[in-house]
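Read from first to last, the chains carry the letters A, B, C, D and E; within each, the first residue is number 1.
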Amino acid sequence: SKKDDGQKNLSEIRIGILQTPNDVAAARQLGYLDNYFKKKNIKIKYIIFDSGVDANKALISGDVDFATMGDTNGVVAMSSKIDAKLIWVNDVIGNNEGLVVKNGSNIKSIQDLAGKKIATPFASTSHYSLMMTLKKYNLLNRVSLLDMDTQDIVAAWNRGDITAAYTWQPTLTPMLKNGHFLINSEDLRNQKVITANITLVRGGFERNHPKLVADLVKQLNKAHEQIQKNPKVIITAASKQNDLSYGEAKSQIGTSEWLTAKQMTEQKFLTEEFQNQLYKTGNFMAKQQTIDHAPTKAEINKFVVTKYVDELGEK
Amino acid sequence: MEKIIEVKDLTLTYPGGTKPTLDTLNFDINRGEILTVIGKSGCGKSTLLNTIAGYLHPSSGEVLLNGETIVEPSWKIGVVFQNNALYPWLNVAENIGFGLNMRHFNKAEINVRVDKLLEQIQLADKKDDYIFSLSGGMKQRVAIARALANQPQLVMFDESFGALDEFTRNDIHKVVLDLWKSLHLTFLVVTHDIDEAIKLGNRIAIMTPDKSSPMKIIDNPYFNIDLEDIDSEYIKYKNRILKQIV
Amino acid sequence: MEKIIEVKDLTLTYPGGTKPTLDTLNFDINRGEILTVIGKSGCGKSTLLNTIAGYLHPSSGEVLLNGETIVEPSWKIGVVFQNNALYPWLNVAENIGFGLNMRHFNKAEINVRVDKLLEQIQLADKKDDYIFSLSGGMKQRVAIARALANQPQLVMFDESFGALDEFTRNDIHKVVLDLWKSLHLTFLVVTHDIDEAIKLGNRIAIMTPDKSSPMKIIDNPYFNIDLEDIDSEYIKYKNRILKQIV
Amino acid sequence: MKAKNRKYLGITVITWLVLLIVWQLVTALKITPEILLPSPEKVITTFINLSKYGYNGIPLWYHFMITMLRLLSAVGLAIITAIPLGLLSGRIKIVYAIFDSIIQFIRPIPPLAYYTLLILWVGIGETSKVVLLYLAAFAPIYLACISGVRKVNVDYIKSARSLGASSTQVFFHIIFPSALPDIFTGIRTSVGMAYTTVVAAEMVAATYGIGWMIVNASKYLKSDVMFVGIFILGITGVILDQLLKLIERKIVFWSGKS
Amino acid sequence: MKAKNRKYLGITVITWLVLLIVWQLVTALKITPEILLPSPEKVITTFINLSKYGYNGIPLWYHFMITMLRLLSAVGLAIITAIPLGLLSGRIKIVYAIFDSIIQFIRPIPPLAYYTLLILWVGIGETSKVVLLYLAAFAPIYLACISGVRKVNVDYIKSARSLGASSTQVFFHIIFPSALPDIFTGIRTSVGMAYTTVVAAEMVAATYGIGWMIVNASKYLKSDVMFVGIFILGITGVILDQLLKLIERKIVFWSGKS
């Protein structure tokens, strides 16, 4: 809890995780995290969240120290002045999120979606990607958007209640059996519309235990280095952690990019590119009135703490 | 004398009961009389009345109305209950007209009969009032009028005046006797008040738990007696009844 | 004669009412007597009783118990209600001992008093029974015993026997008179049954709506009269009372 | 009497004022962060803004009307189906034997437990929302009808039969009006149950409704909007109940009077 | 009488058998896809598997116990707080004036509307879950206490005063037992309300509980698991209510008699 913040000898770190085969899952399975922190007499407690929405709530109430979420939820956290910092980009989303339509429907291109029902989980990266797509094709107020959780999207898809959906894996797999992508987040990434999963740390924790934050980033970075050298090891580990088959885990990871600290530093990813993206995202969401004010560049700069990645990357 | 009701070997045992509550009863009710029934609490007065009304079915024996076996309740036998059982969602006139309405009389006919009864029970000005605004005595008068609206062959009262205070009860006794006289009705009045049984009954039926003669019907010389005229003979007569009950 | 209760210029107007329900009443209750109060429904009998009991406060005037003004209910004045007001969650013995228990008497003392009272009301065998398993008459006997357990100066009855049938009522009258005689008690009995008022009252208080004399207390030559001994003089006496009520 | 009542009304008003002042103080002194407890002014300005500009492009009154419409159609459906079934169940033992155990089984199940199944069966449209509310609203009316029928004064039925009413007439002219006070209590409970379920119903695939607005606002951690929504639901709930009590007093005017 | 009751029990049994057979037929003939309606065998084998191997690595009975524990601690809390407050509100007008309007205001608000706020305030742990259920359970008991106190036979109070009881003694020895039958009705309603909220409470950041199991299963569209969960909740609901009725009959044995 928050009270432990001042304490020098911390006995437990609580991490909010998503149930997906990501770097945290792999690092956890491979013992990068637990073994490492056990040496410091620190236990790690994992708390599963269904979405970044709930993770944000837990950050506010002080029930978690770290939380993984989509960057859109990060923007929400920033604009609602939650005391939290962005310290890590877990992955840049690729074809594991996308806009699908049913095979054989009359939708040949994105323009054909005008007047149709499209489902997506609101406040998610998919939501943002969908909105950017719609904006580009001038469809913003010409489709009816439905806010649904992923399981409800599958149900509605099977019943034919919706024409299209922007969602993520594993929901996509059954839908792609009788459907296909109109666009996916990899395409958007190539058009410089980036969405990513990020890790936030609670402000109080970061101020009191910067060394532990650095340690955690270092361990996650290990998974990133590993996947580029030897993807099989990571995919196998992530699949085991999430009770998936190798194939399932592989397709759920898809073409998402796990940048190492080194790559992030070299590409000035955290210091420039991603901060620009957050700025654009914030502006768009504010315009959509989903958040009440757009974060300024200065706010973003305070929110994104680059030193942990930089320290690692410059080695 | 013409018999309206014939009770023949009437026996009734409640389901689950071991002893019969009514045990081979035999008696008649004559057209135009008032028969009062008196007996200790639990001796079966209400059971008898419910059987004649058709709510209960004899275990053996039968009850005849004008020579026909009674199988279910009908408008031909009216009943006035202790707690009047007036319908609170209907006003006074609608309560009185209820039976006629159910029997699909036309509106005009219903109005005529109801208005006449309202006159007779002296409640013409309460016509549109709802039941909850009436006093206890008024309620019982409406209940009597409701039972009479159908012009039934027999009207039965089950301790209908027991909840009223002495003064109101005296008023109601007068109303009952007036109606009986002017409309040539037949009444069966169940009560556990001996004075009431004597005041209202042409004949008095005494129910006893004694199986050899569960019911004794006696003539009543003091029918409609005025309180002022009570003498020691009356007291003796009353005490004789009292002793037979206990 | 020693006065237990003195009622002095007692006037009571209900909040929101315009006319006083009790209007300058003046009378006393003597130690060791039974005073019965009779009057039409709504004339204020219960109001008077509630004021003496301390549930209601006089608008003006006062009521004294042994020379001290009554300000709130106390164990010194017991009350028996029409619907007995026995507590269904307690058994017979616990009901009778309730007052002593509240007054922190020790268990042994309570047991002694309760057992004695149970004997006197002939319900020793019902000691552990709950109220709902008793008949109406038994309930009233327990209610009387409960009021007596505190050995109060005065016990008041508010139409306590009105809901009982005639036969049970006669039994209870006997119990009441026996207790009164053997324990040298003082009773105030409110009733609207004239026969009951005559049977139980050393003196009879007649309440009338007539403002010039709202209360008339008369001596009663027929106190504790046997039904067998009733003669035409009795009837005349009764009718005289009846006329004063109406 | 009246002066006394005014005194107690005064105490109630003071209680709310004290709450308001404490709220104002806590937020003014920044004892809690704004996101946990927005200030009263903030909530009021948010309410004004929502009234002016709507939420998510849809006017606030429209969100409100939609929610009410869903609620009332569900309760309406429950009324016209549960009353006949309940009255019959109370009167005819076979009907009771068939339906009662099923309803008793379904009644306690939390609506959220079967919402996903409902969506699989009837889709994400208005139907599933109304059906969910309907299922919440059904049992209270049904149970109230049964208890109403069981409580009917047997003397009413006896007297009606002796006055010449047939069994059918007894049902419509005696049983039904006798049970009406209970039915109204049931309807009030039923509205309460449906009302409690309204946010759950609007959680899936809705794009308007006050419940949806609250859920959506909670995704973006807009606690001011959540407060506005909660106040709207709270006040509406009280008004709805008072309204139903008023109608009840009009229709079953005799109830409670000896 | 007994023979008749057995007849109606038979009809109930037959009703359930017919339902079961229809269910069996519909699934056997593949009229509906398995995901919409898993077959009875499938549900039974799923139940057996869940009992043997648990769900998500946690034994089924543990899920069940956790849910019951949350429910019962919430109701327990509601009982020990709502009864005193309700009795006092019913008896002392100032207490009523202070609390009643607040409770009347909060009562109709759907728990899901303020769940997010609750989580922000007290966190994602057990506290927020129990508090949510507690808020759902509070009002029914409180309201039942007030109505119980208002119904107390005034002659009970009068007679107790005349027997020498002080005001405090009247409160504990007369008001409280008099209101007990109503309090029990309130407790039963309260358990029902909390029960209905159990899935909502376990929707956020839980990793066990029957409600959580259903929600989690619905994420993966495991309709067989959802069915098992729903049946468990339905049956438990009925048993819980019967149990409470039994306790009620033991403790307020006098209620409804005389």
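Quick note on the criterion: contacts are C-beta pairs under 8 Å (C-beta built on N, C-alpha and C of every residue); 3 or more make two chains touch, one makes a residue touch a chain.
Predicted, not measured: the structure shown is a model, and the values here were computed from it.
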Chains contacting each of chain B and chain E, listed by label: C, D
Top-ranked pair of chains - ranking by C-beta pairs in contact: D-E
Reference chain C; chain at largest CA-centroid distance: A
Inter-centroid spacing, chain C versus chain A (mean Cα positions, whole Å): 84
Length of the line joining the C-alpha centres of chain C and chain D, rounded to whole Å: 51
Chain centre separation in whole Å, for chain C relative to chain B (CA means): 34
Distance between the centres, which are taken as Cα means, of chain D and chain A, whole angstrom: 39
Numbers and ranges of chain C residues touching at least 2 other chains: none
Residues within chain E bordering two or more other chains: 35, 116, 120-121, 218, 221
Numbers and ranges of chain A residues touching at least 2 other chains: 57, 60, 149, 151, 155, 158
Touching pairs among all chains present in the structure: A-D, A-E, B-C, B-D, C-E, D-E
Residue numbers on chain B that touch chain D, as the complex places them: 50, 53-55, 72-75, 77-79, 81, 83, 85, 87-89, 98-99, 102-103, 130-132, 146-147, 149-150
Contact set on chain A toward chain E in their complex: 47-50, 54, 57-58, 60-63, 149-151, 154-155, 158
Chain B-facing residues of chain D, complex: 153, 155-156, 158-166, 169, 173-174, 177, 180, 252-254, 257-258
Of chain D, residues touching chain E in the complex: 8-9, 11-12, 15-16, 19, 35-36, 93-94, 96-98, 100-102, 104-114, 116-117, 120-121, 136, 192-193, 195-200, 203, 211, 214-215, 218, 223, 226-227, 229-230, 233-238, 240-241
Residue numbers on chain B that touch chain C, as the complex places them: 40-41, 165-168, 192-194, 227-228, 230-232, 235, 239, 242, 245-246
